[in-house]
Every structure is written in C-alpha cells, then in structure tokens.
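See below for the structure under consideration.
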C-alpha cells in the first residue's frame, strides 16, 4: 500500500488531492450555459467519491478509463452535505503502475506466513497418496500463486484478496484442533479435503480491479473445477509413481469436494456420505458464519441500533452486543 | 436368449423344468421331523419363483450360490395358490456359461443399429472441436462397449441393458426433429450435449446380475464423471491437434452436463444458463417421462382399475386409457 | 404501422417531431418564477421519452389524457445526457385514430399465415369428437379474433399482440415433429390439448394500450377459464350431434389443460396423469424457455458483460455467447 | 340399518351367523390332501373378518362375488387368537336387496334435518343473483340427492355417506355465528361460497360399496367441477331471468371455490384474494381439523398411551386427554 | 387527541402552522451562497411532510431532536408539486407534554370497554386452576396496563396502540360464538389459550414514538415469553393455593401458546397436537387476515385499479370490490 | 450389569437359560388340539427373542407383565432358522430387583468422570452471573442426577442412558478446542450455552424400560423447557444476590437455547442472531452427525455391501470404508 495515500474514508472538505483512483463510471454532460463537464465515480478500497471536472472536452472525457486507474489532481468540497472531488487535471495510469492493494480489499494477515502454517498442518497427513497429491498441488507454482491471491467468495465470506487462503487455513486449524476429539475420523482425508474443498475458487473468481465470476466459474463452478483438478493431479501422481492412484482415495476426496456445501440447494451434487465429509462441511460453515456475523456487525452503519440491518443470507438481523455482557447498565 | 427356455412368467403347475435360474437368496431350514430342506428364490428377467429342495444337506446348501446361477432339474406345483418349484437336482454354473439376457432386462431393440443411427445423427455436427471430441469418445472402444450395455438408471427410466443407448438415441432423434424449429439454438452444442449428458452412467451403474450403483457412482455421480471425461478427452484432442481446445466450447459442454437435471434438488450443481441446456433438459425429461408412464401403465397389476397404483416419482396415479378414446361405451 | 413514424428508439437531439405518442403519466408543476409547466412521459412500443411543455395552463394540462394518445408537435433536446421532448403544441387523439401496433409490442410474424398453419396441423386430428370440438372453437369468430390478438403472458414469454398464437403454433409444430417418435402417445389428444392449453389467456389478459390482467383473469385464471370453455363447447357439439360428448374425451382434454403447468406451485390444480399431459407440459415449457432466454440475451443492456443480469424466473444469469463457438480468440 | 344384524365388531367365538356380508376378496386354495377350500374377507361398516369354506368347488367359488354381497350361514370360531367365520352355506345378493348403511360408514345425524337447516341458513342471502343461483342448485333433484349421500373425502375428514352435507352444514353454522363479528365481510358471498365450496365432491367421489375416486374426480377434481357447475347454473339463471348474470358475482363465487384450499400445494389454482375467500378457507379448515382430531383420538387402538399414533396429515401425534383437566391424579 | 390539531393529511399549501410534530430525521446543508439550512422530516400519525428552515445555525440544528418532538411555527408551500413546511421558529418538547395518540396509530375503539368485554367472556371458564391463572394475570397491574397499550404486531396486523387487546377480544368473541358448535372442544382451555396466546407481545414490542421490537422480543420472542409467564404465574397460583398447579393444565396451556402459529416456519416450536390448539390457530389466523385484507384494500393508493398492489404476506393482490355485488354496471 | 448374564445376542440353540428378561408383548393362543400356549417377545439391551410357553393357563398368562420384567427358566431352540426360547417356568420381578443397564442401552463411558470433566471445562467461565447460574443448576441434585442418566434423543443420536452427558461433554470439549481460534467469540456465553442447550432433554425424555417422550416433552419440548429453567434459576440467583440478573445475559442464554437447532423446521423458534449461537449450532450438529454416521456404519447388517442402508435423517446411504484407504486391493 502507498503509505502517503489519503484513503477516501479519510478525506474531508477543503483538501488538496494528488493521487490515483479507480474510475467506476463516467458521464459527459452539458451545463445550462452549453459548456461540457465530466462526472465520474472514483473509488478505492475504503469507499467511493463523486468526481466532477468543469470545462471538459470530449477528448478529455475519452481519455478517462472506465474500470481503470486515473491519477487525479484537484480538491475536495462539500456539496449538499456530501463530499465531492473537483478534478483540475488527470491522466490515465496502467494497472501495473498502481498498488492494487489500495483499490481492492485485501487480507490483513501475512500471506506467506499463512501459507507456511497451512503446509505445516498438512504435513500431518500420513497416507502416501494423499501426500503425493497435495505435493502435486503445492508444486504447481501458478496455481499456488493464484491460491494465495484468491478471495473465498464474491460477497458471502472472506471476499478479499487472500481470503481463500485465510479461510482454508482457519478450517485447517479447526480440523487440527478437533480431530483428536474424534479419533475414528480419518484425519488424512479430512486434511486433504480441507486443503482442496474450495481450491476451485481460484478459477471461479477473478480479482482484477474488483471481484467477479469468471465465465468458467459461472458455467462450471468451483466444486466441479476442483474435482477435475484432483482427477488431473492424481493422474500425474500415478504417472510419476508408475502405479495406479488408489480409486477409493480418489473417489473419497472428490466426494468431499462435491458434498461440502451439505445440501443440494447450495450446489452440492452429492450429499455427505462419510463422516469426513460432514466434518469438513461443519467446520467450513462455522468459519464462514463467524466471518459473516463479525463483518455484518462491524460494518453496520447505525451505531445506535442494537441490531444490524436484515441479513438475507442469515435470514435475520444480528444482535451487536453479545460480546459485552454486563455493559448494559453502564 | 435361449430359445428353448421357459420363462418364469410362462410356467404353470405340473411342468418339468431343466434349465438355469439366478439364485437371489437361500435358507437352510429344519422340518418338524428334524430333517433339513432348502428354500430359495429363483429369478429370471420375467419374474421370481420360490424353490424348495427336500432332504437337503449342508453341503448341498453350500454349493448353491447367492446372486449366482444354478442349473435346476425339478417340477412345478401349486402351493396355496402360488407356484413353487420342487428342486430334484441342481448344480452351480459360472456366469460365462449363461446368456445374461435371460436374467437381466435388456433392450428389445438392435443395439448396433441404434449405435449407427446415433452416430449418423451426430455426423451433423459442424464445429471442428466438438466433432473431434465426439470422435475421441467414439474411438474409446472400452467406453463404447460399456455405453452400449449400460442401463440409463437403476429404476427411474430405461433400467435395462442397452437403456442408456436407447434413451440417448431417443433424445438425439427429438433434438434432430426440433432443432429446425429453433434455428437460433446452437445445434452443435445440442448434439454434442445430448451424446454426453448421461455418458457418466457407464461408470455410475454396474449391470452384472442386477443393476446396482458402483461406489464411484454413489460417491461422485454420473454428472461429475461425465464432466471429468470431457476434460480428459478434450485434453487428448488438444494434444493431437497441437492447439488448445477452445475454452468456451469446453465450458459450455460441461455446463450442459452439469445443468441437465434442471434443478439443484436433482443433483445438478448448476442451473441451465444457455438455451441449449434448457433444450436438452426438456427433451431428456420428456423421454424419461414417456418411458415411465408407458412402463407404469403396462406393468400395472390391477387390470380392472382405470388408474395405476400411486407413482412416487410422478407424485400421482396414472390413468391407463388415454389411448382409447371412444372405447368407453363399447 | 405508420411508415413515416420516427420511433422513440431512433430519435436524436435536435430533431423536429410531429406525431402521436401514448401518454403514461403527467404532472403540472410550478417554476421558481411562479409559472406553470407540464411534465409527462411519452411512450411508443420502442421506449419512453420525457416530455416537457413550458408556459402551460391548467386547461392545457387537463386536455392531456393519461393512458391515452396525444398528437405532439415539438423538438428534441439533450438534458443532462438524456433526450427530452419540448412540446410546442399538442391535442388528444381517440384510440381508433391511431395504429395500436405502433404503441404495443406485436408479433413480427404474419398472423393469418400462422393461423392457417395451426389449422393445417390440427387437421391431422382423427377423433371425430375432438375434431368437432376444435371446429366449435374455430367457428367462434369473436374468440378467434381475440385469440389472434392475445399475448401469451403479461411478461414471462411472448408478451405481445399475437403472442398466444405464435406460442401455440410453436408448440403445435413441435408436437407434429415429435409425435412420430412416440407412436404410443395419443396424437389426437396432444393436438387438441396443444390448441386449447393456453386458450383461456384470451380472457385472462387484456391488451388495450398495455397488457394487463382482467379481473376474471386474476380471480379465476386462464386454466379454469379454458376448462369451462371446453365444457361449454362440448355441450354445444353434443347438442348438434344429438349424442353425448364422450365423457372420457372431455375429462382428458380438461385434464391436459388443468395439469399443463406441471406442478401445483405454478397454479395447476392437477398433476399430469397421462403421457399426453407430460408431452404438452414439456413442449410448452421448452417454447417458453426458448423465448425467455433469447429475449433476455437480446435485450441485455450491458454489451461488454458475457452474462446477462440475473433473471428471477430462471434463477440465474444467462451466458450470451453460446451461439459463437470459436469466436472467443478472434 | 338392519336391527337384527350382529355387526362384526360385536361377534364372539362360537356364535351362529345367518346374515349378509360384503365380500372384499376371495381365493380358492388346495388343502394338503388335495381338496379345495375358499378363503375370503367379509366386511361390514364395523370391521372385517376372515371367512373360510371347506369342501368347496370351483362353481361355488365362482358364485361368490368380489366387491359384492353374500348371504352367509355359518359359525364363528377362534383361530390362533383371531376370530374367523366358517361358512356352511352362501348365496350372492344384489345390492338393492341390502341396506347399504350396514356396509358403508354413514353419518349418525338426520340427513333431511341437516338439509333443512342448511337451506334455512342460506335463506339469509339477500343478493338476488346468488339466491337464484342457489335455487338452481337446490332444484336439481339428482344433484341434491347425490349431495345428501356424498362423503366429504376419501379419508381425510367426514369420509362417510352424508359427510359432505354434515361438513357443509357445520361450516355454514360457523359462518352464521361469525359473520356478525365481521360486518364488513360480504355475508351473501360467504353463504353462497360455503354452500358451493365442496359441491364438486359429489362428482369427484363415488360411494358404492366403498368410497373411491371417480375417473373425472381424479382427472379434473372437485374444485374445477364445482367451478364449471356454477358457470352452467349461472347461465341457466340468466336464461330464465333474461338478463346477464352479473360477471363480478360469478367471478367471485368461482374464485372462492378455486381458492378455498388456501395454498397451491393442496390443489387450489388461485390464492385467496378477497376477505370472503379467507373466511371460508379458515372455517372449512377448522371443521376438517375438528373432525380429524376427534376421529384420530376416538379411534386410537392403544388405550394406555396418552398420545395417538403419528398422523401423517397433521404431521404429529395427538394428545388424547385435553378434555380431562384435573383428571390426571385421580 | 388534540382537537385543534391540523393533521398532516389535511394540510394544504399556503397555511400557517403552529403545533407539534415528531421529527424523524434531520440534515444540515449549505446553500450555493454558503449559508446553512436545515432539512427534516416531520410526521404525525397521518403522514409525513418535508420541513425546511432557512438561515439556520449549528446550534439551532443541534437543538432539534431526532425521534423526538418539535413545536413548529411556519407556513406550508408547494414545491414541485409536493407540500413542504417552511419553519420560521421551533423548540423541542418532551414526550410527556404531547398527546402520543396524535403521533402513533391507535385503536379507534374504547380500550376499557374492550377490556371489560374480554374479562366478561373469560368469566365463562369453569376450571378452577385456569380461573386462578387468569386472575393472576389480570391482577398484575403493570402487565395489564401494558397489555392494553400494546400493538399486536410490528406491521402484519393490528399494528397500533391497543391492537393486542382489540385482536385478543376479536378472537375471544369468535371462540365464544363457535364453541357451542363444537361441544367436545374443551372451552376452558380455549378461553384461557385465547387470552394468553399473544400476551408475550407486551414484552416483544415497544411502542414509544413508533412500534419496534425490543431486544428481548427479537432474541427470545413473544411465544417463549408467554410460555415463561404462564410458568411463573402458575407457580404463584400454586404457592397461594398451597397445592401443585395441575401439570396437564400447565402443559396444555403452554402447548397452545407454543403451537398457535400452526407451522414451524412461522416460529412455532410445536405443531398443534390437541383440538383446542387448532381451534385457536384458525380463529387467530382468521382475525389477522380479516384485518390485513381490510387494511390493504382501504389503504390502496390507486383508486382506479380494481386490485391492490401485491401483498407479500398474502402472496397475491387483493380484489377491492367483493363488497359491492351488482354495482359494476351502475 | 450382571456379569453372569448371557445376553440375547450371545445365545445359541440348545442352551439352558435362567435369568431375567424384559417382556415387550405377549399373546395367549389356542393350539389345534384346543390347548393354550403363550407367545411373547423377550428383550434385553442387545436384542429380542421370541418366547413360547406350552401348556399355559390364563392365570399364568395374566401373571406375565407387559413392559415389565420376567425371570425365565427354559431352553433355546432353532425354529425355522430363528432362535426361540421355550419357557418352562417364569415369575415376574419388580424393576428395582433388576439392573436396568442390562435392559437399556447405556453409555460405555464413566459417568462421574464425564461430569467432572464437564465441570472442569465450565470452570473457565469468567462472567459472574453465568457462573452463578451454572452453579444453581449444578447444585440442583435431582436435576443433576437426571442429567447424568438422560439420553440425548429418542433415536437420532446418543439414544442411551448417559447420552445427554456424553454429548454435552463432547460439545464442550469441541468448544474448548475451537474458542482460542475465534477470540472475538464470547467464550462465557458459549460455555454456558453448551451446558444448557440440551438440558431440557432431562424432562423431555423418560428412560424407564425404554426411551420415550414424556407428555410434557411432546407438548412443550426440551427447547422451551430449558428456556423456562434458565428463567427460574436466574430468578433464584438474583434473589440470592439481591440484585437483578442482567437482562442481556438472560436474553442471550435463552436465545442460544431457542436457536440451537438452526432452522425453524427443526423446532427452533428463533434463528441464530449472535456468533455464539452459530458456534454452538455447528458444534452440536457436528457431534450428532459423528455419532449418527459411526452408529449407522457400525450397525449395518449387510457386511458385504460397501454402503449402508438408506438413512432417512441423512437422506443418503453411507459409505463404510472411508477409514480404510489403500485397503481396497488387499
């Protein structure tokens, strides 16, 4: 992140601005006196502000990118109670000249440290073939690089750069903590399954200047994508080992991926049929809900209300003060 | 089929029998006088009959296979209104000595002729890559042999040897007939999709002496299996062509497979998102329902009732005389 | 249609206008200087434009109809990026002086030709009573005239003048094409059922200056209306033939109508209980979905996105490029 | 009812029997010694008993009707703890020689008295057209005779001869009692709607020797049948009055019938859209539930249990002692 | 209510105003010339109006309460077709200086008279313990005072001061009217259950300056709250009587409360399992629907349409003229 | 348990028996020769066996209890492949003379040890009021004794003596293991909630000679029962502390109990609205599913099948070999 940057949620009226924004939409309009001016929406990862450039021309308008970056010089002012940015000069900027983390929500944790911890947890796998399969994934540099960057969802939970890794690590930690309590559960299948369950998100979601579904993500989906990857990597493992990858292991890992949403309605083509699939389903769900509740409560705009706005996914409003027992009288 | 064979649904009391049956279960029991006798259930593809062997021994009992074939000599008799078969002698028979078609329900149509007609319809595909992909499937001898034998379902529709081919051909014929009426629909995607939509049944179902799910069928399912096969065959096509298989074509064919059940509840992880996916969904469903209604009506045991027994899948009873308008007075 | 007419979607800033519009709403407002002006929304079948008349009076305002026609003289101009129409003079016009097809969406096909083709297909009916019943409907001039004009739905599919006929013909064509593939299906019931299945829409929907439900449409619905009509026409046939209309034929035709939505949730009081009812249900649904997908894709405003906006009925977004295999690289 | 008759639920071992039974099924069997004997199930409205005739012949067997009446001479005996009837002689009897009320469950109330009370309640209708419509129904002798005999359902509630009238009267009484509390509700629509809401049951159900659905009942259903009858009777009223039957009144009465099940899932093609439709929906439902709960509790076989067996329609077991507060200690 | 007050729905442009309003939100804005002005929304129980105070200051702005009362002097004027109130002077007012009935919707009926009638109906209870339990509730002054004030719901039905009492009385009247028709139903349980079924609303809802959920209402809900109150009051009764409160009576009263929503989906943790629970469920529902339909029809803004806007709870639009048979031609 | 006892699942033909059984049902029958004999079903916690006593009398028959204990002398024999017990002498036995653990399924773990561990985990609660509340429960000797004995369900999971404690401890252990990973979650609420979430089972279920619902269990249910207990115990705590129990703490603990089933359909009147409620919901569900899957797999009768029979709760069949990776070839 650019340490000098003044983020949008920190701007106040009457400041000079000389930095980059992401342009989300733009319009060329005519003033009553017949002149031209540009309006646009400028965003960074903390919010959005309305931009306005007076005495514009069509060529200036055309030079402003949509869904691209713009270096802006200007000043902020209050307009009917809202802040707007009067643009005095601007020039487009290629994406590789900007620090994307200024414009996209991003994990607050250290990605490499999370990755190391995840690998450390996976080291507990004893089954030879699952070890080899995980290794094949870990050695796929391109995939690992994407895995570290990928969000875990468009909006539901962990929708930010690094979210997939953060979520996967959380579930892995939970699995590590609970496996000793359920000794009959096959720990190797669980750990392998945790690692792979959402891996297909890497190809389902694209995180350029915003998080969007890829065409393949919408048409095929992360569940099937991950099942296919497991098939391909297992074939590669078998080729190297010069022995067939055990069918049962392959079937069960794919089954865990295919059933981890728990019910058909959420796109799982199979219902959990082994204890390990339930195990992952609940820990996955738990981590998602912990993020969703915390995020909804933290982001609720109405400070006075004791409940958040209605949450469609959770089908309820959330109470904001469960962490503050005994505070109510004070 | 053995032309000499007297099928179970043709047997009457008082006949001699000297032929093979499939044994479904067996029991060794004690008579009141302390002797031993064997009871068993003998089946062929037309029904089941109760067998009884008096003055048996444990070694005879042990020689009788369960879920295997038994050559039986004996005679039929009426017992409390039901036919039973008194076994006078018997010997087990390996499966390769019997004509499986006598014991398993099997398509009444000519398999090779159906296969030729299906290939003929697929020849209309113009897109180079879909042609190559179909070719890859058709050249996979093992898969084709299994495709020709596979049922289309455990019980729902076309649950017999050759049922998958019969159903696939029916849908292909319907598609061929309707595509001219919907010229905007991409005929190549439809024809490729029809061919592939249920192909995974080949690995989902096993048709030995009865139709059962394979482990992989239950854990992974024919929808995901087919999506994986398309991925693998497309990779093989690309390798041969020394060019990448077009991503969009791959995505759309997999999407058609993944969405062809139409709703999540029936195990589709994706809802149809292109006209071609709807097209196949409805023609597939139509053919299944035509089989289910015809089969339920034909097999209804109560000749006098004008409605069949309740059908769980269809959530209703079926009226049996829609084909006989004007017959009611006569 | 008026060949001279410049449709709203063709207008540009700076043009003179001298033609009829449909007025959808109007408002009389005061300028800051205390004068009066009129704002209104003018529509034709291609879109809507904001109208504004300066220096208006209450009597002018009162002369402008709501949901009626207005001949307008004026000129177009750009206001904050949107086109508006400055009205210089106007006079109301009765509906019979305008070509309604300019104001309502209307089938692009030849109505009489469609009607002939439909009758031609119905000529294949062999059952005497179904023939007579169809004849009774066809001889009801008022009903036929309304049938040719009626839309097939408010919004779901074929929501335009002539839509019911276009949809009915499509289903009839599909039935004609598929019936040879399912020889056990009673073709007479299917053809009669196709003709009648949506006939009640004629009384359910009203297409004056826009498509709306009639009171009877909302309270009773097209399914019951059609079942009642069949009862009445069958009584008339029987009276002429001096013989009772066969009960079974009557029951089955009404059953097809009552069950053609396929599930209770969509207002079918009966589930399909004969093969012919399923047959019509799927072909009806197929034609509706082909229209809905094509229409959603064609009308999607965002040219750059590869998916349309979310479609509530289909519960998904649609991919727009299934017709363009291989185009993606170029 | 035959006052001499000893009903099946009163029979004990060792009694002579000389009376009529309804035969439900029969079988001709061979004894171990090669002789023939007949087994059959004999029923009356209080239960069923197993019949056995030794030393039978095929001609005797053929003379016994199925689903018909048989005059039986014989004696009862205990067989393995169950009563059976040893038939010594028998002869078939036509249905018109027996009192059906001995064999079918029948209302315990006076049918004519109920009918009078119902008409008395309907006399409160003030609207001329609804009065005339009710009159048309009441003057249809055949329909009224059937209405008085018809059950209200196969099994759900009031499944006995006269049940439709009993239920209709109950709902009418409730309506009469509650209408004063809701003065804005249109009492004429309510009373007309109550009378007609289930009238179609007359043609949906057949109550010969047992209650069954008619073909028309299963294919078309009582809801649509009643809507059609209203249409026909209204046309007759209009013809006599030489004036059109008011469309709104017709629409609303049909709407009440079409929506009285309250939700699509129970076969209502329309949801209630007027207060009167809700009014009837709840009173109808209340009366059905009062019968179902009373009947389930009264008929529960396990005297010691405080809850009945699980009731599928009600999705629960019923507590049997809500009428006995304070009795628990005693 | 203040008899002098001119309610918002009676105001016209050009009037002087000197009275109290409830302030719902407020904003301090800058004019183009740099001055400050206040905008706010003023409401009373008949509607809302936009307020505007020119030449304001921050201290004036701060003196205006949010969700509190403001005495306003000023005048109305028309602004772009909408009325607005130009505030010339204002001062805040504590809630105890205003007549809340001017600002909150309130029952139009006499609260004390309703309460007397309810008690009169409850006097019919014969069971000693239910009588004592009701007495305990009635003697709880604080609870009774709140009961008389409480709305019956946020928005669904009877959402106004006194609504709970009005609704409870309606259901009690209905029960009184119908109990004679169902003599097997335990009238004491029904009357006690009617009184208690919604009593928990008193603590679920708060009706200060608007109707809102309390924290306890959202977290625990009126159903559980009422069940707890019954437990507490029964314990108090038992203590006074020096005898245990009969367990069965306690269980059944709580059961009625817990099951009165009828289905799980509406928050009933138990399904009705006694006739009395169904009895209350239907009468409760009937009264709610009578209010909802009447209110929706009365409040529909579009006078010309024969149907109201879509009602989400009822999942349909309502027909507005079921009370006017025969009026349609006139 | 009686160490001498030979459990039913260990009996073989030809053994002498002299021990106690639980009688489930009994019947007095007549032999063909006119003598009397008794049949009955004898059970212990390992299974059931058919008992038969020849040359019985009515007085002997009457002396045999139903759902009571019987000391039996006799011998086992094989009858048509099933074991039966020929009773030579018998006498009834009061329940307090038998070790119930021989007849009811019972936890295999040490109850006191589990209780200590649970208390140890609860010791981590820091909030004063939750500590006091737990203490109130723990000091209620009768309740604690019952808590230690109670099953966790009729059949779903942990349906045996001590099952509630075993399940509660499992969830407490999981909570203890996962709480460090989610530091924002209020650990005190979670621990208190885990302890209380199923406590109402103590009064919902009765475990005499078999597990059954109590009347209060069926009418009110464990969820509401627990909420009431919390209210009562909190009142007692407040009385002792001479200070009001904090409302928020009370509301939230009750909310956790009321919402812990997660969805309305399973009898939760509230959906989770705080992170702690989700936390408990998932860990509760996880433990239940781990028991259900392990139990279903362990108890599957068909050793050869790789899948269990269909499980209604889980809506699938379970794969039995997920614990045996790599074993398939051997």
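A, B, C, D, E and F label the chains in the order they appear, each numbered from 1.
We adopt the following convention: a contact is a pair of C-beta atoms (placed from the backbone, for glycine too) under 8 Å apart; a residue touches a chain by one contact, two chains touch by 3 or more.
Computed from a predicted model, the values in this text were never measured in an experiment.
*Asks:* Shortest hop count from chain B to chain D along touching chains?
*Replies:* The least step count works out to 1.
*Asks:* Which chains does chain D share as contact partners with chain E?
*Replies:* C, F
*Asks:* Smallest number of touch links from chain A to reach chain D?
*Replies:* Shortest path length, in steps: 2.
*Asks:* Would you mind checking which chain's C-alpha centre is most distant from the centre of chain D?
*Replies:* Centre of mass proxy via C-alpha means gives A as farthest from chain D.
*Asks:* The B-D interface: which of B-F, A-F or D-E repeats it, judged by over half of the contact pairs being the same residue numbers?
*Replies:* That interface is repeated by B-F.
*Asks:* Quick check: more C-beta contact pairs in A-C or B-C?
*Replies:* B-C
*Asks:* Only C-alpha atoms count here: how many degrees separate chain B from chain F in terms of the superposing rotation, rounded to the nearest 5?
*Replies:* The C-alpha superposition of chain B onto chain F needs 120 degrees.
*Asks:* Please tell me the distance, in whole Å, between the geometric centres of chain D and chain F computed from their C-alpha atoms.
*Replies:* 43
*Asks:* In chain A, which residues are in touch with two or more of the other chains?
*Replies:* 215, 218-219, 247-248, 252, 255, 273, 307, 317, 319
*Asks:* With chains as vertices and touches as edges, which is it: line, ring, star, complete or other?
*Replies:* Per interface graph, the chains form some other shape.
*Asks:* Which pairs of chains touch each other?
*Replies:* Chain pairs that touch: A-B, A-C, A-E, A-F, B-C, B-D, B-F, C-D, C-E, D-E, D-F, E-F.
*Asks:* Under the touch definition given earlier, write down the residues of chain F that touch chain E in their complex.
*Replies:* Contact set of chain F toward chain E: 215-216, 218-221, 223-224, 227-228, 231-232, 247-248, 251-252, 254-255, 258, 264-270, 273.
*Asks:* Enumerate the contact residues on chain E facing chain C in the complex.
*Replies:* Counting only chain E, the residues touching chain C are 78, 80-81, 306-307, 317, 319.
*Asks:* Where on chain F does chain A make contact in their complex?
*Replies:* 127-130, 170, 173-174, 177-178, 180-182, 184-186, 188-189, 246-249, 252, 255, 271-276, 278-279, 282-283, 285-286, 289-290, 293-294, 307, 314-319, 321-329
*Asks:* Touching chain C in the complex: which residues of chain A?
*Replies:* On the chain A side, the touching residues are 27-30, 213, 215, 218-219.
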